[in-house]
């Protein structure tokens, strides 16, 4: 059940020039893949809360990982330890962890944010997990050691080759799928997600993707965040997602 | 000539629970009684800059004294040493210091803000100055020692008698005027200013009052801050004031 | 002594004057996790049409200074499915107001007829901001004669409280309000959104797939307040004021301007508990200023402004 | 290669498309301390009437969310005194546009006739948002026929560039725009302020002595942008876009929507150097995106939105 709560900032670190990790104290629950709406100001400009995925969660502690994308995240980054922020959540559908197969988790850039909590949960469930971490360049591959520590095997790729293999993470994924089937979880830029989904379909693997949309309410009330679904209707990213089975949202 | 400049905060102190003193570094000039427009946020809500009087000035250093009146001053009070604020100024007409008579300076509450710089200037000019400092109660009589140090004689009054004489500062002023004539300078709530002006007129004393109005541009362009003048037209508080000869704005 | 918070809209009595604005509260269920919906004066549900509507393609919303633009395009499951959702609200024992939309007077009439027998439905809010296909897509709400004809017709088919929701995108909202009143409306609600647009300077195209959208939020409050003031000077039926209300003070301003009740839209998005907070805030305000009932402050600013 | 920033309004060529909005820049002198006024595309002065006007009683302005309400009431020294102030602007060699106001078509005509021989005056911006006494105070700008008659008449008395400033408080701004165009206007400027109101919840009375005022600032930008888009679809004469422009991106959006030039009003109050900053910002934008001239981006969002 989502709720509105004031959470105190207990850690707020720059993990890269572009990316911040924010840890908040407060009684809120969360599943991997869910998100929260964060109040970045008490002014009406900017007006809306900002949706951020649950990067990590443990009882009494919520961690977010966010990229400085514009005004809202910039305002958030100015908040200091000891200040508090209004959080609405947990929101949306997370990643289903049920599958019997080993897991492959694919991150593109800041799309890695929600996958940390996912990896921790898969590891806790004793799953064998391969983590593909791709980005445009080295600077975007944040928290590498932390991610690596949570995966059975760990593969990096950058478009410019500045770190890990040069090229698209999806090429490496293909190679992996040739050998074994797996349940695939992905978050990142939409072109990457579509490519991952296509591969998954080709190899009869379950594939879950976490999507983004401009949001207002975050709770399903405004119908502002819809995307077309493959059955010809619109689905709300905030409550029907943000995690969808690939076939729900991507046509072959 | 007014200008727009970024000024760095070099001191920001709470001189009372309600009142802050803000010292800014930067090359700006100012006369006693002039004011500046201060940017309290980069957001459009609140939208306007806030007019604050020059509390004190020396080359390269501007000091403001402000009461926490609402959102804007509250945002300003959150700014820390090292941060910078946008300032537009110096603005408006200050206090004329020419007169030959001794000076009487009358402050009501936060109206004391611009009078500190005035007292310093009168003192520097070798004037004999009596300072009447009135407020509703003791808490509002901020920086008492500092003000006292600048006056030849110093009189305090509070409506509730919690400090100094009990009653209105204007009653004490009357007593003083019985003995000698003086040039009178006043800033505070309008009822007090009208009472001071009435007394001054009664004793044939020059009287200058510093007024307030809701302002937008602060430079005379919007005609938003006008008040009726005694010659039947409207005058702009921002450029024709904020300091006026009492007879310009208060009818007998 | 707790003040009397009840207000009347037609035959309808609300326990307090605060309700969510249509389209900002889904069919109620979305905000049920945050508080007991029985704290609301009424529950106003999404604009409902005869047939299901897919709505507009995304992007549907964009943030603006102190507000947002929306172009949802009346996505709704159609009146039959909506009825089922509305039934779920019965346990809250709170009047449900159904926002009715259509593109012809037939459309409006059919929606009302389909809900007439449903006891959970307490009132209809007729959204006349919709494009009128018979009138070449010009909104119903822009022509007093068209509004009068539509409301006369709907008045005949329902005994329930009939509220007409006015569009602010007109030269003379008072004329529209009077037309609705004389045609038999029990109450008016205003304002709907102001038509606006946003363009992405870098992508060099409009942000919304629909090109234009409806502006709401604090940005529009001054316009809404002015219209509520003008309309309440000119009609005798009660007005539900809305447009930018985000806190107690905002709501008080609308009541002082002459609104009998208030609706809160976009503010729900930034504060899911804003409605009960404002309802409680109004009660505190009344206590602090020693008013016995909320009705005492309705239109009070008109009197003081005549002093 | 620095891009060509010049734009044309009627026979008038502006060195760049950025000018202050009327009433927000006095008669120019107030902002002269902050920068060389020759950096402006044009100088638009305060609304000017035949006789001096005292204007409204205070309070005249109140801040709102992302904007402000003003009720200045056209305070101005009258056309004779205004002429003297306007002459002072000659050294800047920058076209001066005089905003003309009145309560009858005679009033407007007399202001123009009084300025016709003054070489510093390059153009007139006819403010049709003023109440029309002959029409019982209803604003001129709300009736296409009235606007057409007024502009036809003014067209006869001047050879100078005639700009008509449209009110946004209408059902169909396109009809007004077309009326002005066919009556011989050289250009249009939009939008003027949206009529709004503010109430003090504690004092329980309207904040403005005039009760209502005109809303402007970032809050109204989406409405202004929509109207500029619609009007530029329907007329061939150039449009000066305004309403909430506060930074370069805002100005670019208006140009992309179809405006040939832009005016900046309330933003001058929060940033006295906003006009030259935006002019420079537009030039940078053009360079960055490899456009040769500002005219290339006028209306560009209309094309991309058709893809």
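For reference, chains read A, B, C and D in written order, and residue numbers begin at 1 within each chain.
Throughout what follows, contacts are C-beta pairs under 8 Å (C-beta built on N, C-alpha and C of every residue); 3 or more make two chains touch, one makes a residue touch a chain.
The model shown is predicted, which means the values in this text are computed figures rather than measured ones.
Chemist: Which chain lies the greatest distance away from subunit D when centres are computed from Cα atoms alone?
Modeler: A
Chemist: For subunit A and subunit C, let me know how many angstrom lie between their CA-based centres, rounded off.
Modeler: 36
Chemist: Rounded to a whole Å, what is the gap between the Cα centroids of subunit A and subunit D?
Modeler: Between these chains, centre-to-centre, one finds 47 Å.
Chemist: Distance-wise, how many Å sit between the C-alpha centres of subunit A and subunit B, to the nearest whole number?
Modeler: 55
Chemist: Provide the list of subunit D residues touching at least two other chains, using ranges where the numbers run on.
Modeler: Correct list: 64-67, 217-219.
Chemist: Give the residues of subunit B that touch two or more other chains, as numbers and ranges in rising order.
Modeler: 44-46
Chemist: Once you've mapped the touching chain pairs, tell me: line, ring, star, complete or other?
Modeler: Per interface graph, the chains form a complete graph.
Chemist: State the interface residues of subunit A toward subunit B in the complex, per the touch definition above.
Modeler: Per the touch definition, subunit A meets subunit B at residues 41, 43-46.
Chemist: Within the complex, which stretch of subunit A touches subunit C?
Modeler: Within the complex, subunit A contacts subunit C at residues 1-4, 39, 44-49, 86, 88, 213-228, 233-234, 239.
Chemist: Once bound in the complex, which stretches of subunit D touch subunit A?
Modeler: That would be residues 65-66, 218 of subunit D.
Chemist: What part of subunit C is in contact with subunit A in the complex they form?
Modeler: Where subunit C meets subunit A, its residues are 23-26, 30-31, 33-34, 46, 54-55, 57-68, 70, 72, 75, 217-219, 246, 266, 268-273.
Chemist: Quick one: in the complex, what on subunit B touches subunit C?
Modeler: Going by the criterion above, the answer is residues 44-45.
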